[in-house]
Structure formats: structure tokens, C-alpha cells
């Protein structure tokens, strides 16, 4: 059933269905730079263990990967620090909207997981402490993992987010007040805003995440670490909609407010979907629909 | 690698390791009847799609399945009501200890998922409304699914829990105050306490859950519904330790305060582990360790 | 300035103003029995240290005193147990709606103060433990304090509240789960629902509270205890609107969902106001307006 | 009873008692500059409507008034903006520790009252918007109200607090994210840290607050406004210990982490107490004890 022809036919069919529906969401208006993007784009890139590669729609247009970058920074921190990472950040779903400060208060500044903003800020702090030239070294890592040398930050997006990022500033200072940020909050935030501003096409995105989808192809993380990152994506990758995504799509994945979603079926395939309008939980409206239909049609989820 | 001999050898080896360690946990002292159980027992039963069946230790001793029963009541409600189930209960991890009332307040009486106590009470309420003779009919369903005709409630455990179940009474009355319980709280609670008191051996438990592990063998739920129940077990099956379980074990599963754990690898195997002493999150101390080591040794998790 | 003629003139003038405005609130519809009351009534009774007594409007109609009774049960418990009362209930404003369970969770079952439902339930539990015949003995106390022998419970209101009192049942069972209720929750709740059902006229209400307004006239509580009860009424008497009441009215007082309010100026006067329609915080709409205007006109508040 | 001789005798007697007890608290160690103060000081200054003035102990030593300054900034904002102040900050006690962010989340960035840090930051933002030269103009106001021309900020304390004030930075950015801060958070915070750094002796402090104690002596605020500020001090002046202070002391007042407390009996007297060691709620250990004993001995509280 899982032959090359099937995947491509299903991708085409699902693409047509999703393209046809009206996207009820809105772009991330609170970040001025993201609001400028043409909201009606839809791109998909698929990549299987049997070397099938297939792109459709706007899969060669750059998108701001935003929170998807949190998986990359986590991977680098995990590679550098090993299990010590978990002394400063948990692995439990947060059960609260993505920027909530409530749990930090009861958890004494230890974020619930590394894929919510609070946890990503702590991971950024680890990288700022570990890397000689944080922004440069992190970009180097992303380029190596993805094998695309020209991947880069978008300075205007980073600046745009900095100008309105009061909640992230609140989070970072709050965690600092608990002692779980080592560096100056301004330095950590600058790294964080740059990290989120990375631009990739769907094709680049899918290729980047092969290090998590096909665990033996790479030496970035060992098998055990790879499985653990995938488990965290499964339980925490979609903020307050993580359970819904597991329930309806059934794959580890991560979304960003730029409208991108990466999802992967361990050892089988890796898929990047992008459409800028977001549903009320902050995940791509069409992206979520696409993946739900895709796993239904392929009858392939991890469950 | 995944041949019969390997599974059995690994089970033996892991059993020896886990049997040897000291169990740091404690039995569920707050339920008088559960506190009477010999705390040092350890039983395992394994069942694969290639018809390997293997039991070790106390796998033929009856245990109180407790919250594991929530998956069974959910399955029956899902079978009877279909997607309408999700109008009254969510599918998101709760991010809070298992008996928390906080989220109910902000969520207007809609429990986050059906595997926390609040959600299970709402599911019980659905069954009380749907079934002609709730306790009798639910037991009939469990017997059919498991193919063990003599599975039964333990009246003394049900009574024991009723006598100290003030928090569940609080939960049920609280949800009723939001209008999300249709029947009288006392009736719903009586059903709930009985449901939790069901007794099974590890062997019975593993056999019971084959309807979720091997989706085509049974007509209880369709493939799509089966995947969804598995997804909910993955994200919500271990209370506040669900992320940790996904992270370290990487399988859908469900635990109970009687010390039992069921876990399954869809289409591959189903495993029941039991040891009464609980860790601080309320999950079997040795059971968690066993499964962590087992999936490490077999290198088989869904991630 | 504070002469007899002035008080009465001001009371008349304020009554006219408040009677003329439209009451935007609604009666406590969730308690069937309270919803039957004619919502347009307005009664006031005033009683000063210089023996001025003056009633206007519906001051001789019985009203359900509801939460105002919490001050009476607290006074009796304080009289019987002294400072031991504060081992099981705090004296801090709750800062949350009156029936919130959130704070109980973080405070381990110790209610913030005795005038929110949770705290009043703990006080009821103390009285159930202390009194030989709780309902009879409490009524006897109220009759003695008020000097009205025919004050009584309203059985139909008590029954009406019991039939819908799921949130109070939740509260009581929840506190019991923390060990801060000694008796069976059903017994405590029965006492609580009866206590709240007491009926008084405004005249009876004002006379009852003279033991707190004029501290030397009575031996119910000593001066120090009287001041403390008044302080608690000041900071906690109006649920989530206590600050607003201190801000706008500036007197210790207590409201009930029956639409009654008692307020007092220590050593100067005692005033009962009643109008059934409630504002969104659950306090009498016209009652609050009346007292605000009255203290503005008399230029007499404790501040 | 309330004659000159009595006040002074009682002050002496209470001073002796309190001086003799061991102070179990600790100074505010988290602000480096405050931790340098000799912790064993105790000063009191009393000022009555009958022109009795009496100082005892270290009443002429400068202390950092810290949060006591919040009453002064509130007074100036109230004078400048009138009732519009309450559109951006509430008047309800918070029921939570003084720097909690939880309530801000559920209250959409409207702080519960102007005497917790969150509310004081919003008041500071109002003053930054209203005043031409905020720091200069506010100091001018304080000097006028107090009639001490040499009152000043302490630059080293302001700098010390800025260096560790991550929680206040978090608060300010968080409120900004809800749109309830108009100016740049850094500007508001600079004003806030300076405001808190004001230094006064007990004598200066008591004299400063006469504008709230004796309402007709001054034209800073009208009678109605004065009563309202006093009501807010009563219900919100001592963070999570406000109810306890009303209960045990029974006066409107305000404390600061420098160990100062101002309290006043409207139209009767004004008293400043200072001792640097703080109890676990962040209020002066000996200061609280002093005032409790003082109002017990004088039998004069507002209740």
C-alpha cells in the first residue's frame, strides 16, 4: 500500500481538497512583519525513507519558521549538554495557552517543556552559555543539519518581534527572577528573536527534519535522544492543541505562528506544510486540516 | 531482531533487573482496601501480534485495575455515542495533578480529557444515561472484550473508595454545578467506584487490551476510533507524568493506583505490568522502570 | 451635625433617590425559592447609639438573610472556641469569586476567611461538633442575640438550596478531602443550608447586629473579639466586591444573595437595607447604592 | 482617656515591650542595598490631631520607604486624573503574594489594586504620561506634602533594585503586553525604582501622611478622595497580610520592605514605625507587633 505512487497521488488529492476550502483563520497580526505575508499561500513538501520526494504548491517560498526553530535549538542543546538539559526544563505538556505564566509560578521557574516559549527561552539561555558566538554558531548548526548553506535569519522579522515581544520579555525576566536564566535577559531575548526569524522553504524544512525522522542517517543525536525529541514533539508540539493533533493526526510534529508545520512518521517519512492563516490555538488552519486528511487517507499514523 | 526468542529473553532479563531494585514508592494508602495488598509483588504479561504470549512473576494474581478501567468506559462510550463524546470532554493533556479542580473552573466544567478523574466521571455519567443497567451492562462489555467471563467488581474495594472518595465527590458535584453531569452525582459516583474496583490478573489485562493493540481483530471500535483512543492514552494516560512516559517509554498506555500499567505498541504488542508501590506521581514505581528498560532493550517504541 | 433629625431626613432623602432609580440587577435565580420573591421591594432600618430607630419602605417584610448568617455562626463559634477558630480558617480577603475552589487547592483546605462559602462551611463544621443539637442551639443563639423569639429557619428555602447546592457540596467534600471538615459532609451541609435560610425583617436584622455595633451593650463577645469580627466584615464581607464596598461605603458589613445587607459604624449606628435584585458580584444592587449615598450624605464612614 | 499623657505613656510602654522581644524576621536580602542596614533599629514617631508629637528610638534615622511610596504616587495620580485612575487599576484586595502574575492573566492586565507592585507600575505609567519631568515633579510633590524640602531619592538603592528587579521587569512587560502600560517599560521601571528609593525618617514619614490622617488640613485631596485612599490602605496595604492587619491592628496603613510602616486613625492620629527585619509576609516584624500592641493598649481602632 505504501508505495511511491500512492503517496504522491494522495498528496495531490489532499492538496486539492484543502486548497478548495476556505481558510477561516487569521495571520499572526501581532507581529507586524508576519502580517505582511500573502495569507492565501499553501505549500507542501514530502520526503520518505524510500527516497520519494514531492513538493506541491508554494513549497519553494520562504516562510518564517518561528517556533519550529525551538526543536532545532533543543536538539543542539541536547547534543551539547545531554541529560543535563532536563534539570532546567521539564517534558510534560503544559495544558495551558502557549505564553502562560501561571505554571511558572507554581513550578518555581522550571518551564513545563522546551517547546513552549518559557522552555525555549531557557534552552536559548543554555546555548548562549555554551556557544562562543551564539547566533553565528546556531545558524551554522542549522545549515549543517539541513544541508542548505544559505539558510538565514530575517533581521526585519527579528526586529519586528522584538518591538512587540513584551510577553516574551516578561517571561524571560520572570524566569530570571527564579534563577533559571543565567545570562542577561536582553541577550537571551535577542538570540530567541533571531532564532524564531529563521526563514526556510517547505522543501528546506522537510529536509532539515530528516535527522529526527530517519534516525540512523545522521550523527546529530543518537537513537535514544532522537526518540525522546520525537516524544516531546508528540506531547507538546502544538501548544494547547497538542492532544488534538495526536488525536486527529497522530504524528510527532511542531508548528510555528508563521503558519508552518513539520510532522514526521519515525523511519517512514517527513512532511512540511505551510499556510499562513492560523486557527484560534495559533496553529496553521489549513496545515492542521491537511495533515489530518493526509494521515486518514494513508492510514498511517504512529497509533 | 524482533523474533519470539528475543522478546522472551528480554522480558526475563528486564524482570530480573527490576525485581532486584528496591521499590522506593508506597502503596495507595488513602484507599484502605488497596493498602492491604502485599506491596512486593511484580507481575508481567506480554502478548504479541505473532502470537507470542509470556507471563512472568505474579501475573496470575488479581489486581485492582483502578484508573485503567477509564479506557474501557471511554471505549464503550465512544462505541455508543461516537464523536458526540467530545462535546462534553476534551482530548488535551491536563498538565496538572490528576484530581485538580483548577482547570474545571476555567474550562466551565468541561474536563480536559477522559482519563483524568473529572473526565472519567463525565464518561460514567454518559454510560449511566445510555445503559439500561449500567453496572451490569458495563461488566458484560468488559467480559466480552477480554473474553474472560469471570471478571468482576470487588465490592469491598468499591465500598472502601466510596468511604474516602471525598475528592471524587467534590469533582462530581462541581461538574454537576456546571451542568455537565446529567444524573444524580450519587448514582454516577457509585458507578465510578465500581468501575475502578474491577479486578484482573496481568494476563487478563493484557488480553483485554488487544482490541486497542491489534485493531483489525475486533469490531469493538473501528480503526480510526482505535487510533484516537491510543493517541489519548499516549498524551494523557499517566496524569502529570504523561510526558515523562512518552519520553522514556514511548508507548500509549494507562496506569492505575492499584499499581497496574497497560501499554501497547500498535499492531505489534500489548504488555501488562503490575507492582503495587507507587511513585510520587501515583504511577507504579517498578512498572514504570520495567517499561522504560523494556523499550530500551527492544529498541521498539512508537517514536 | 449627627443629630436625630439629620439621620432621619437623610434616610428619607436617600430612600427617595434610590427608590426612583431602575434596578439593573436580577434576583438569585439559581435558588428556586429566592426567585419567587417580589423583586421590586426596598426596605431600610436604622438604629443609632443615641436610640434613634427608623424604618422605611418594606422594613417589616421577611427576607432570607442567606450569607449574612455567616457572621452569626462565626460569632457563635468565636464565642465557643476563642482564637482556636483561626487554626482552621484564615482572615484574609479571598480576591476571587465567592465560590472559588482554586485557593483551597493551594491553601491545603484552609479557607481564606470565614465569610466565603468555604470558610462558612468550616465554621458550620465547628458548630456541628460543639453544639449538642446544632440547628436548635444555633437558632436559640440567634433569637437571644436579636431578642426576637420567633426568628426561624425557612424549611422550603433550605430544601430549595439543597436541591441545587452542588457547588457547596463540592466545596464541603473538597475541604473534607483535606481533613478540615470533621463531620460527615451531609450533616454539615444540612446545617449550612438551614443557617442560610433564616428569615428576618430589616428591623430584626438591624437589631440583631447591635451586638457588633455597640460593643459594650452585650456580653456575646468581648470588645477585642467584636473589633475583629468587624474587621473581617470590612475586608471580606462582600466577596469579590469587598474592596469596592470599603472604597465607596467605608463601613464593615455583610451581604446575602437574598438581597439583604447589614452595615455598621462601630459605636455609632447599625443599618439594614434590603432589595432583592443583585448586581453582577452577587450583592444587592440598590442596597449597595443606598449605602454609598447614605455615607456620602452623612459624611460618616470609618475612614 | 485619649489625653496627651496617655498616648505618650503608652508609646513608651509599648516601645519597651517590643524592643525587648527578639525579632525573628530578616531584612530584605534580595535588594543588596537594603541588606546593608543595621537590622536591630527600632524607631517610632507619633502625631495626633491635638498636636501631640512624640518620637522614640531611631526615629531620626533615614529609612528607605519603598512600597510606602505607592500611596504617595497614587495620591498624586488621583489628584491629577480623578476617578479615571480606576479605569486602569482596581480597588480589590489581591489575595495573593505581592508580586503574583496569576491574577493579571485572568484580569487581562488590570491590576487588582494600586498598592501591589503591578498596580503601582500602572500608576507610575500614568504619572510618566502626566508629568513633564516625572522624577523631578514627583519629588517636588512629596516635598510639598511632607513640608521637608530635603527629602530625596537614594540613587544607590534605585540602582541596586534595578539590578535585581527582574520580577518587576516581568510585571511591567506583562502588563504592557495587555496594553495597560502606555510608555516604554524601561522608563516606567526607572521611575518606579526611584520612587521606591525615597528616604525619610519616621518623623518625616508621619508628617508626610498627615494629609491623609487629617483631611481638612490640606488641599491635596478632597475629603471623599482621602477616605477612599484610606479604605484602599485598609483592605490592600499589607499584601497577603492585609486581613491580618485589619484584624489585629484595625487601622489603614502601608508597609514597605525597608521595614517601615505608616498607619493612621482618621481624624485622630498618624504613626510611623520602623524596624528593618521582615516577617515571612514581607512586613516589618517588630513594626506589626508594635502597632498591634499599641491599638490594644489605646483601645482605639477604627473598628
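Before moving on, here are some points about what is shown:
Which chain is which? They are A, B, C and D, in the order written, and residues in each are numbered from 1.
In this section, a contact is a pair of C-beta atoms (placed from the backbone, for glycine too) under 8 Å apart; a residue touches a chain by one contact, two chains touch by 3 or more.
As the structure is a computational prediction, the values presented were derived from the model and not from experiment.
Under the contact definition, chain B and chain C share no contacting chain. Between chain A and chain B, two chains of identical sequence, the interface residue sets overlap for the most part, with shared numbers making up over half of the total.
If you average the CA atoms of chain B and of chain D, the two centres end up 55 Å from each other. Chain C and chain D, compared by their mean Cα positions, are separated by 32 Å. Those residues of chain D in touch with two or more other chains do not exist in this structure. Chain contacts here close into one cycle, and each chain has exactly two touching partners.
Those residues of chain C whose C-beta lies close enough to touch chain B in the complex are 100-102, 105, 166-167, 169-174, 176-177, 185.
The part of chain C that touches chain D in the complex is made up of residues 90-96, 103, 112-113, 223-224, 226-228, 230-232, 234-236, 240-244, 246-248, 250, 252, 266, 296, 299, 301-303.
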